[in-house]
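Paired with chain B in one complex and with chain C in the other, chain A is shared by the two complexes that follow.
On to the complex of A and B.
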């Protein structure tokens, strides 16, 4: 079983590495870049919101801050388009994290219901600031990033691999958090914050650190997308579509799981790209997207990954039910899974 | 000085309309633990309904409320029955996503039907104005204030003076206990949702008469409404009322003494300052430990 899993992962990684060679069409690789970056963003969102249960609907703040930080750094240091802006990404992530410290400190003082509302409000403030501080952001006239000197056939390739690296890095951190004592503390906060506090989990700093890590990755991803598109305008750099898309991806795949957000992003982002490019009817994309979201939340409330996992455990249990010992084992597993589910709120 | 008086008067008059929309939101949260993100788009839907009645059937927008309020009441009950009732676990979080999805679908339908062009409601009393304290006050603001006053009084009597209101307040305090003493909590919830949404119809008429709007206007509107109910303390009707007046007066005054572009920012910045000192809002109770 473990061997199959490892082999599957390696095959998937090889496929991801070879993808631009297999499908060199720029239209396809653009969609792939967005899918990878959104998978990274959903993973980062899940690292905070999924593990702690504090749903943030204002993560686009860091997405926009990342984009503007890269644009300002390139402008200030007179950096030309090419590979250098990629090297600035960690710095951009740090800037987004520094932004996240005061915002998180204020927002996390409230209960998790009020937290959602505050993140929405903060998102609106920062978007308005982008309009109202033309000295820094150039207001609604927008900013431009340097254009890389690559030809059309090669253009997407560096972006693809950098996006892949960012995604793998964010999965790595998310995996580490999920399997560390720190991550256990975050999950305890999600399940019962008062009890976690009573048991000695420093809930305040724990939440804040997760919020800041999440901002680090979302900032880098915002900068990458801005660099890829080449321009920044307040309504697109700070877009509520991003807020809701990453949350929806995590919910679709399975919130709080490691692979769920990635599955959700790989399913939804190509669909979004396809709908926005192919269907030019005004409003139709919103109707489709909203209906899909309703269907997912009401019919698959746990998300795809936990549902499939439960089905799989049930199926193996019923298959091995012929031998009594295995049957008991299967039942025990099913019970364990059920218990785990009820533990969540 | 006149400008400041004008800002204060306008702030109080429009504040009453925000109070109407926000009390629908806070009522739904109090009874059902649901943050109805769709309230913003339902206000816009109410405005578009008034617009359609006025433009194609030539029905006056205030008279049209007799159609739009019951229509949105039914729509609200329909939404509750179709979606809200199905949410079994983690109501607050899931309800935010579900109502957001509902809002997205309605926004798409409105964009599809009316296109994204801005429109504004037309009526003789929108352009006409009376002179008070040295400035001209459009009649619509006075009518809006009276309308909100009437509806809020009706709401007050419904919540505090009727048997239904008794059931509603009982469900607010403790859903299980209310069910135990024989209150049909599900019915109370459906009707409450309907009432909350119906208030959006009246709010929408005034919003559409005082601002040009399109389907995308709901984002800014719902953010303001959410700030108001958080400020007032979520689930508190008095708080929603108080916070609406406070916020609208403050932002209108800043609009004239500083600059219109900072009015909204201050609106949100005040929220953050307040939360630093009083995380439960003005009138909110500190949440006890839930088992």
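On to the complex of A and C.
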């Protein structure tokens, strides 16, 4: 079973690496780039919101800050289009993280219901600032990023591989957190925060660190998308659509799981791109996503991955004689008998 | 020597005095009982001791050290673990994951390492064996029965090896077999030096298990002593039956 899993992962990785060679059409690789980046964003969003249960609808703050940070760095250091802006991505991520510290510190002082509202409010404030600080952001006239000197056939290739690296990096960090003592603390916070505090989990710092890590990746992804598109305007750099899409991807795939947000992004982002770019219908994806959100909440409240996993366990159980479900029940009864016996030891 | 001491502790919620100059002292290595009619302030006292509420007046000492303005994680770090009246476990984590939540590690690097380190994993398995939940280790804790949840909550405190354990109605709502089982576990741990303070309405449980019993009534300590002495104390009888 473990071997099959490892083989499957390697095959998937090989496919991702070979993808631009297999499908060199720029229209296709563009969709793939957005799919990879949104998978990364959903993974980063999930690292905070999925693990802790604090739903953020203001992550677009870091998405926009990342974009503007890269544009300003290129302008300030007079960097031309090419590979150099890619090397600035970690720095951009750090800048987004620095923004996340005070914002997270304020927002995380509230309960998780109020937290959602505060993140939305913060998002609106930052978007307003982007409009009203023309000295930094050039206001609604927008900013431009340097254009890479690559021809149309090659243009998408570097973006594709950098996006893949960012995605793999975010998955790696998310996996690491999920398996660490720290990550277990985050999941405990999601289930019962006060209880976790009473077991020595430093809930405040735990949440803030996750929020900051999440902002690091979302900032890098915002910068990459801005660089790919070439321009930045406040309503697109700071867009609530980003948050709604990313949250929906995580919910659809399975919030709080490692793979769920990736599955959600790989399903939804190509659909979005196809509708907007190929069908040229702007806004249809939003109507579709709204209905999809309702469908997910009604039909798949846990998301695709946990539901499939449960079905799989049931299916394998029904095939083998030693059913885990029946086993659990049997063991539960055995416990009481055993408990009584051992008690008199 | 008393390991846990509360002196003249008061706590009011609005106009209601949940604790009114309450005093209790728990000897090291003993099993102490805390009883009283409903609303007498037992759980509030637990909350104040473990940092979930802050007292308005009075002093609380652990090992002779005054604890003031300590948050629940710090109190836990001082070796005081507790269970809740309405059992609080982590329902979406597996039983084994629940065992590993309690933090006894120090430093960032150890927090970033895997939660199932070999040393702690062995400890967790031993404790699950101790409470008889070994075979359920991979089950989401939310799927356990109420009694099993109580045992799990008891076990996951033990992993941090607390010196004092406060149990809030450990026998409430669980069947007699599990009650006896739990009593045996408590005695076993007590012989290994763990001190207990137990809130319980089941008198048989308290009288057979505890070395000393303290009685609260309307937030005030009205009696304290051996179970026999407390049982025949007129003030106690009046608090339970009278007025």
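In this section, the second predicted complex is superposed on the first by the 313 of 345 C-alpha atoms of A that agree within 3 Å, B and C clash if a C-alpha of one lies under 4 Å from a C-alpha of the other, contacts with A are read in each partner's own complex, and residues count from 1 in each chain.
Methods note: a residue touches a chain if its C-beta (ideal position, glycine included) is under 8 Å from a C-beta of that chain, and two chains touch if they have at least 3 such contacts.
Owing to the predicted nature of the structure, the values given are computational and were not obtained by experimental measurement.
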First (chain B), second (chain C), both or neither touched by A:118: first
Partner chain(s) touched by A:319 [first = chain B, second = chain C, both, neither]: neither
First, second, both or neither for A:202, with chain B first and chain C second: second
First (chain B), second (chain C), both or neither touched by A:194: both
Which of chain B and chain C A:182 touches, first, second, both or neither: second
Footprint overlap on chain A, where chain B in one structure and chain C in the other make contact: 194, 345
List of chain A residues in touch with chain C within their complex: 176, 179-185, 187-188, 190-192, 194-203, 256, 328, 331-332, 334-336, 338-340, 342-345
Touching residues on chain B, where the partner in the complex is chain A: 35, 83, 86-90, 92-94, 96-98, 100-105, 107-112, 115-116, 215, 219-220, 223, 226-227, 229-230, 234, 261-262, 264-265, 268-269, 271-272, 275-276, 279, 287, 289
Touch list for chain C against partner chain A, complex: 50-52, 71-73, 75-77, 81-82, 84, 88-93, 97, 100-105, 110-115, 132-133, 135-136, 139, 143-145, 147-148, 151, 156-157, 160, 175, 177-178, 180-181, 183-185
List of chain A residues in touch with chain B within their complex: 53, 55, 57, 106, 109-114, 116-118, 120-122, 124-125, 128-129, 131-132, 194, 240, 244, 247-248, 251, 281-291, 293-294, 297-298, 301, 345
